[in-house]
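Next come two complexes, and both contain chain A; in the first it sits with chain B, in the second with chain C.
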Partner chain A sequence: MRAPDGRLAEHWITVGSPILLLAAWELASATGLLREAFFPRPSTIVMHLRQLAADGTLWGHTAITLVRIGWAFALAAVLGVGVGLAMGLWRRLRDGLDPVFAVIYPIPSILFLPLVSFLVPPGEIALVVTTAVTSFFLIAFTTTHGVHQIDHLVVEAAFHYGARGWRLFATVLLPGALPFIFTGLRLGLGFALIVVVAVEIVAASRGLGALLWLSWQILKVEDMYATFFVIAILGAGLSYGLAALRARLLPWVQDVAAP
Partner chain B sequence: MPTRAPKVLVNEVSVTFESHGRSVVALDRISLHAHAGEFLCVVGPSGSGKSTLLRVLAGLLRQSAGDVRIEADRPGAPLTAMVFQEHALLPWRTVRDNVTFGLENRGVGRAEREARAREMLAMVGLTRFAQHYPHQLSGGMKQRVGIARALANDPEVLLMDEPLAALDAQTRTIMQEELLRIWATLGKTVVYVTHSLEEALLLGDRIVLLTARPGRVSQVYAVDLGRPRGLEVRGAPAYGALLEKIWFQLREEVVRAMTEDRGGEHA
Partner chain C sequence: MAVAVPALLLALWEICSRHAIVSPRYFPPPTTVGWVLVDGFAAGDLGTQALVTLTRLGFAFAIAAGPGVLLGLLMGMARPVRDAVEPYIAFIFPVPKITLLPFLLIILGVGEPAFVLTGATSAFFQIVISTLGGVETMDPRLLEVGRNYGARGARLFWKVILPAALPMIFTGLRLGLGLALVALVAVEFIAAKSGLGHLVYRHWQMLSTPEMYAAFALVGALGLLLTRGLRAVQARVLTWQEEIGRL
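Let's turn to the complex of A and B:
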């Protein structure tokens, strides 16, 4: 009966490690090992979080950030999957776009803000488009790879059994690439959150990034940490949400189908 | 006994591949035939182009010269359906939807597709697994699905490319008996590629032995071991004699291919 014990221990580590970390922090701040002015106790942060939620400040900023992520992610997902599939299917297109993507992709996303502002009306739209850029590349890359990694033998078998053109795409190439598309979407969503906060710090007066920056500037350190916390929870929630969606939609993928 | 009408005619077929600016002859003027309802086994050393021959028959590869004819006597039925070595099932489709895949592509209606799938899954003993995905099945079960998928299309000729090679010995033996039973029920013309002489002797009406690099027809053997045939045939004196005779010939081919491989490495 060693296996269940081992699994329990593993579970304990997952749940226990953040709790242990928070407890250590609490203790260090309380005893003065960490300066409370910069590292307020977690219990104090939670109190401020409650306050921010109670007076409605937090909800307004969170809603604005979520709407921006929603638009940016939708834009990146639609274009990324579309371009990624096209690049996976047509070699010529891939050969042409690969070098362009290779050059643009590593540029820090926030630097696109001025560029984008020249192209689209500055303000909300520029914010959303900038947030979408890096996610788009991530989703396009993984989608292209998803098409390429499909077992050649499976494609040949499908061809042998009469799948051509649209049917070959819809019954073989698209489903074959889907696990990778989901991975790309998950990465893209995470990046959208990272970038939207950065963009809000630089160029917005509302949203979680703006709240974070404002709190820091007026030295409301507790509020800053509270916002950190909300962003972290949001990131984890979105990521796990997509993973759960994948498990539901792709029951044939081995690692998630296993009980 | 199978009727004598020819079903598959391969006439002087050659296949040449271009690789790194050099052309490699995979098949060199192969001629063979299979009668309607015949179980024809093709054996040969690695590199004899057995799989290439099947791919030409399946229409997946175009021969460089010569012609292939498959007599069609039922309009609308596909000429061939192939059982692939590594099963090549679509992982995102359930067992049932894998079996109906070919019918779906040909526009057969849902009711007929499902009836056909039920029939085929019952034949290969997988009725209970219709809603499973391939990754939930064992190797032997996956290959049963591969066989059901091919048979569901009711092809003129069934092509099998070492379908049991990836299975363990016990599963393979059971599958061989299954194949004999299914073939006896349906009376299909089968072209069956295998590495194993024992398998060819157990299953085949005739055995075509190919040479290696380039693939040519070395010998054709009639397997006069009677039908219906089961595993007990392995104890028959005629079985041993024929096995030895073919093995003697095949051995020469294998040794020759191995020697040439080594020569090639030094060159």
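Let's turn to the complex of A and C:
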């Protein structure tokens, strides 16, 4: 009976610590230890959250943000995996593009907003393309690396068994690179959320980032916390949800934990 | 190839811009941008702004590094600490740190502390998670061997645990620095009135595109220098590790 007790005790800390913190916060804000103007009580925040959800504001902004992430991710995934595979397969392409990527990749994606707004019609398309930039590079990088780390012996063996061209690609190279592609997609999705929020703060009037920024500008502190909470849930849902999805769809694929 | 392709792209851009195949107003020739960079540095303005961004980055990193590594090590070695702290890390890590900016702005007021802390939190969580990963994924045989040779407590920590976790700690610091730069440039773009990020924003708004591209290129160079430079340092200092943190 000792072991289950031990597990329960561990669980208690993990569950108890946030509860304790929330209770302390509630108390401190109620008694004025924390300034309620900056740290509204959790119960007040929940009330505002329900209000925002009830009048539909929250759903509207969340839907807009999700649609933007969806388009950006689709764009980045298709182009990123395509370019990544091509770079992995053709040495010359890789040699040529590597230095270009190396310079562009570390540039914070928000800075691409001006550039993108020159290239495509401003508005929704510019927001989506800007959001896709960093995810694209990330996915292309990991995919290229995925093709490169495939064991040469495996490729050679397949070659000797007569696998060529499309067959070699579809049965050896693609499955071999899949774990890395998946890691790239997961990281790319995470980045899409980060960038979309920043882009919405700067250049959109709707969406969760815009809602957050607007709430700060008119000092609706409770709404700020409520919006932050929704963004956090979204972030957790995207990153942990995708990991769970992989475990279910591709159980043989190990997620390559990128440090 | 490595030089030819970028050079070719730049030349193509130059020609297209000079002959107005693309609008030179939006896409000024690279040579024009190059001269703006030279002039900007000569006048001292670009250098000053770059220094502002670098100073913020330095402070943000300094604030995040120590506590981040410490918390990561504590979480890795003391189960109760890990159980108590993990829910917060898991909750906040996937959140875009730029969302913390408005909170810091109301609590600390509009100014450097809020800007720098946004960058610092960005780095902090990455450093904690990498450090924890370093302790967690260390070969248990190393611990056993250390114990069997009589290493306990502080000795075990300094001689076995820390060296084993060091590659991941370093990777965390490197990634953290990169994330802090990203967050800070975004902060400058959105809220600050100085720094390279603000420079890009201001020149975008004024449509002084050569200046905009110059600042843009400078951020790229800075990012490249930091990521490549630190990777080189890592390879030289931690010679016993193989290719951790390629991504």
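Worth pointing out:
Just so we're on the same page, the second predicted complex is superposed on the first by the 221 of 259 C-alpha atoms of A that agree within 3 Å, B and C clash if a C-alpha of one lies under 4 Å from a C-alpha of the other, contacts with A are read in each partner's own complex, and residues count from 1 in each chain.
Keep this in mind: a residue touches a chain if its C-beta (ideal position, glycine included) is under 8 Å from a C-beta of that chain, and two chains touch if they have at least 3 such contacts.
Quantities reported herein were computed from a predicted structural model and do not represent experimental measurements.
Judged by the number of chain A residues each one touches, C leads among chain B and chain C. Contact with neither chain B nor chain C is seen for A:62 once the two complexes are overlaid on the shared chain. In the superposed model, A:95 lies in contact with chain C only, and not with chain B.
Judged by the touch definition given at the top, the superposed model places A:111 against chain C, while chain B stays out of reach.
Looking at the shared chain after the overlay, A:159 reaches chain B, while chain C stays out of its contact range.
Contact with chain B, but none with chain C, is seen for A:176 once the two complexes are overlaid on the shared chain.
In the superposition on chain A, A:221 makes contact with chain C only, not with chain B.
Once the two complexes are laid over each other on the shared chain, residue contacts for A:202 go to chain C alone; chain B is not touched. Overlap of the chain B and chain C interfaces on chain A comprises residues 257.
If you check the complex, the residues on chain A that touch chain B are 151, 153-154, 156-164, 167, 171-172, 175-176, 178, 250-252, 254, 257. Those residues of chain C whose C-beta lies close enough to touch chain A in the complex are 1-6, 9, 23, 26-27, 79-80, 83-88, 90-92, 94-99, 102-103, 105-107, 130, 133, 168, 171-172, 175, 178, 181-182, 185-186, 189-190, 197, 200-201, 204, 212, 216, 219-221, 223-224, 226-228, 244-247. Within the complex, the chain A residues that touch chain C are 10, 13-14, 17-18, 37-38, 92, 95-100, 102-111, 113-115, 118, 141-142, 145, 183, 190, 193-195, 197-198, 201-202, 209, 212-213, 215-216, 219, 221, 224, 228, 231-232, 235-236, 238-240, 257-259.
Residues of chain B touching chain A in their complex: 58-60, 78, 81-82, 84, 86, 88-93, 101-102, 105-106, 133-136, 149, 153.
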